[in-house]
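Both complexes below contain chain A, partnered by chain B and then by chain C.
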Partner chain A sequence: MDIPLDQILIQTINGIVTGMILALVASGLTLIFGIMDVVNFAHGELLMLGAYVGVVTLGLTGNFWLALASATVLIGIFGALMYVVTLRPLLGRDPLTTILATFGMSLVLQNYALWQFGAVSRKISEPIVGHFNLFHLDYPWYRVAVALISAAIIGGFWLFLKFGTWGIWIRATTQDRVMAQAMGIPVPWVLAGVFAIGSGMAAASGVLFGPFGGVDATMGLNWILRAFIVVVVGGMGSLAGSVLAAILISLLEAYASLWVSPSQAIIVSFVVLILTLLVRPTGLFVATPK
Partner chain B sequence: MSRAHPLAFWSVFVAAIVLLIVAPLVLPEFWRRFVTEVLIWGLLAMSSDLLIGYTGMISFGHSAFFGLGMYGAAAALLTTHPASLWAALLYGLIAAAAVAAVVAYFSTRLRDIYFAITTLIFSQIFYVIIFTSTAWTGGENGLNFDQPALAIPGLFSLEFTPKVLHWFVLAAVAGSYLLLRRITQSPFGMVLQSIRENEARTRAIGYPVERYKIVSVMLSGLFAGLAGVLYAIQNQFAAPDFVFFLISGQTVIYNVIGGVGTLVGPIVGAGFFLLLSEAFSRLFTAKYLDPIGLHALDGMSYLVPLGLIFILMVIFMPRGLLGFARRWLNR
Partner chain C sequence: MMSASVTIAEGGDPLLQTRGEPLLAVAGIHTHYGKSHILHGVSLEVGRGEVVGLLGRNGVGKSTTLKAIAGLVHPTAGEVVFEGRSIGRLASHRVARLGIGYVPEDRRIFPLLTVLENLRTGLDRHGVDKAKRAELLDKVYAYFPILAERRNQRGGTLSGGEQQMLAIARAMTLEPKIVLLDEPTEGLMPRMVSQIAQIVGALHNEGVAVLLVEQNVPLTLKASRRVYFIEKGEVRHHAMASELHVDDPVIHQYLGV
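So, the complex of A and B:
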């Protein structure tokens, strides 16, 4: 089969753009797992709720950036509350019970959204409407902007972890929760804060993705599945691993969609996952397996 | 100690079976069907309890085994003339076992949370495959077929009336329960439980833990496939929705609500959950009408209160409804 070079290039850019959104989703998930041993099944639902907050704010104010900011903040607060109410009582129990609790949460949130907003997919209009010329095709600037914004959020978050006071507290808590507590770090606040940050990142990616595929109650499931794959391939708890794996998987899916329909292209990421499990079950991009 | 209350256990068991045998004779059709469905879902949940409650691995992928059981039965019922029940059982179990073998081989390499995620992803792989290979599986529409007769060639042939179907399902579920109970009490089952309690130590003693895990996943998949076959026979269709992850999620919910590690708990959990769904869906459709007129959606909003009940049970009642009887049931 003959695939023209410009198609391949466009798919490369597409892959990187979706990969950056996916990285944003997955880094929240991996952060929450790495620090708290919690697999947040409701992460996709937080993304979906974030997108809906975006839709509502956009409807009220007409400003996309305001919608993005309010979704991030509101869902961040909501995530922290969710953590305090449903997950804090489970601290110290088998980590598997946290899967159950967050799974129940995802069920509640998804069906609440379905009931509240209906099954018809909502649209978020692109804040940047310009196109630029890529070969003979128009490529929207917005997609490029999304990749840059995602990269900026992840980069900013990395800097925050590296140099910010709270970032240092977070890393200390990851290494040794009891010792961190003993050194006077407010561990309960740090944990709630981590959940807030992860939730906010999910919400931001929901709003950013809104203009591509529309917003509906089941969009979270699609993302959580891909984010899980990314997190396993990249190595659970590793931020850099998640980003690399997200881009790798999105690129492969984008290339695969040159030949097969997008709904079948996801099989490629399944294959990557299976190969990873066979060759290196701890994740492709983790230096020293635990 | 292990034979402390055999009499009490078996009399409760027999009483429950007798009640379930009599049920279709006295219940109206709607509730007869309800009880049959609870038994089938209960079997699915019970199969998953072998992993959750005994081996200590949470599977979020049981819909794959269930769904493949359905599609296997569908393949048999569409290709054999006249439709043969035994072929449906055979094909369904083979399909489920084949899938279970693949899933077991890969997912048992991982533990705990990773195992749960891997099984979830595997079930989605099969969902995508079934959903997109329209030529064989009918894609989104699924497959429709006729009910086979309960027959042994040359001996007898019985039409599947609702009552006969109920008794057939009951026999299959009760048989599976006894078999699973025997398995969990056998030396093999003891090894599974010791993996749950302390995997490293079990390995150190010299048991090939991986092999035990693979066999337990395959056994579990086999019983889940049986549930799928029964469901296909009862409803005369196979649809990709039943391979979808939501079914796996409900399986886990039934287990947690009913009490893991009890085998009957999941059946009770399924009954409790489905009864509540029935009640809530009636309450909610009556109370809140959808503002934009999408009445089809009302059917799902009952999951909001149910999900909340589930979360509360995870936090406050982690041993489930039958958790108090766990030791007694496993004697």
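So, the complex of A and C:
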């Protein structure tokens, strides 16, 4: 089958756009795993709740950017509280307990959203409505903007991790929690802060994705599954690895959907996951195992 | 027991430097690790600016004593008092901020952080402004010029001796009143060992107290004012370092050398 070049280019752009949102979701997940070895099954629900905060704020103010900011901040605070209440008492115990706790939280949050907002999908309208001509397509500027905003958030976060005091505290705590404490780093606050940042990033992706797929109580499930694949393929706990893996997997899915339907194209990410686990279980983009 | 007994009674131990309040007083602490009872009532004192050695065979509880002081292990009984304040139940990050620097046996520098970032873990704290940070950094670089040269290198790529210097320098960034040094010369070349001895001397000259756990007896006797001997989780003997020599029967008794 002959695929025209313009189709490939369009799918490349689509893949990068989805990849950047996925990277935003996976960054928070990998960060939380890296620092406290907690696999947060409620991460997708934080994304979903963030999208709903976006819907509500947008309804009240009509301002998308305010909705994005308030969802990030509110869900960030909510994530930190969730960590303090449900996870902190379990740290250091069998990992199964934290898995069950976060899984339980995800069920609670999903059902809360269903009860509060109903089963009908809500829509977030695009803040940027223009299109530009991409070959035979009218391509929405908003999609490009989403990729750029996601990249800016991840880039800003990387700078914060690299140069900020809190960034150094987070990295030191990730490498050696006990020694970080002995150096006077307030580790309990750092852990809560990391949960807040990860949750805020999930909420931001929920709002950004809202205009594409609508907002409903189960939207987190879709993302969390792919984000887990990304985190494993990129190397658990590696931020750069997650970003690269998110883009790789999204591009492969986008190309695959040239031949098969998009719902079948998801199979590609599972193939990548299985191959990674077989060939390089520590992750494709990690130089040395942690 | 051979010479002075170890008590923390009022009026102080006759071997102690000052009759006033000690900087650090450990009184009868017990620790447990799971079901094993590690420390069986360790008591010791360190005066302000005093260098005190802690000697004993492997596995007698020397490192655990330091960890208990640093707040990394919480005593199940007994008290740790620092500047008149009980710190035995305090979280270790709060203990560190009171001015207790901890240099663990295996150095435990942050391997993926650069030398400068390792130092920033101690420098970037509340109440230390930019000028003060620069001043502290200059000070540790003056002590350890090699760290200034390697400031942008990852900690994990340094040699063993350099990592030890970084671990000590990192503790110094906390402006400690006492540094807990756990076997700083272990596995180092002789040249490095003498450098560590100089650093202990320099800390002492600056008025920083040092609690030194060592296997190197000559170094400990030379650097310390007093030494405690620990055996089976208890302090069994206590003496002025100047009154001991490497071949002393006491040394043979507690260290088997």
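In this section, the second predicted complex is superposed on the first by the 289 of 290 C-alpha atoms of A that agree within 3 Å, B and C clash if a C-alpha of one lies under 4 Å from a C-alpha of the other, contacts with A are read in each partner's own complex, and residues count from 1 in each chain.
Throughout what follows, a residue touches a chain if its C-beta (ideal position, glycine included) is under 8 Å from a C-beta of that chain, and two chains touch if they have at least 3 such contacts.
Treat the numbers as computed from the prediction; the structure is a model and nothing was measured.
> Report for A:V187: first if it touches chain B alone, second if chain C alone, otherwise both or neither.
The second partner, chain C, only.
> Report for A:I266: first if it touches chain B alone, second if chain C alone, otherwise both or neither.
A:I266 contacts chain B only, not chain C.
> Is A:L148 in contact with chain B, with chain C, with both, or with neither (first, second, both, neither)?
A:L148 contacts neither chain B nor chain C.
> Return first, second, both or neither, reflecting whether A:M236 touches chain B, chain C, both chains, or no partner chain.
After superposition on chain A, A:M236 lies in contact with chain B alone.
> In the overlay, answer first, second, both or neither for which of chain B and chain C A:M179 touches.
second
> Thinking of the overlay built on chain A, is A:R171 touched by chain B (first), by chain C (second), by both, or by neither?
The answer is second: A:R171 touches chain C but not chain B.
> For A:L275, decide between first (touching chain B), second (touching chain C), both and neither.
neither
> For chain B, which residues count as touching chain A in their complex?
58, 60, 106-107, 109-110, 112-114, 116-118, 120-121, 124-125, 128-129, 131-132, 245, 249, 252-253, 256, 288, 290-292, 294, 296-298, 300-301, 303-304, 306-308, 310-311, 314-315, 318
> Flag every residue of chain A that touches chain B in the complex, lowest number first.
Those in contact with chain B are residues 33, 39, 86, 89-90, 93, 95-97, 99-101, 103-105, 107-108, 110-112, 114-115, 118-120, 221, 225, 228-229, 232, 236, 261, 263-264, 266-267, 270, 273-274, 277-278, 281.
> Which residues of chain C touch chain A in the complex?
Residues 70-72, 91-93, 96-97, 102, 104, 108, 110-113, 117-118, 120-122, 124-125, 170, 174 of chain C touch chain A in their complex.
> For chain A, which residues count as touching chain C in their complex?
The touching residues are 165, 168-169, 171-172, 175-176, 178-188.
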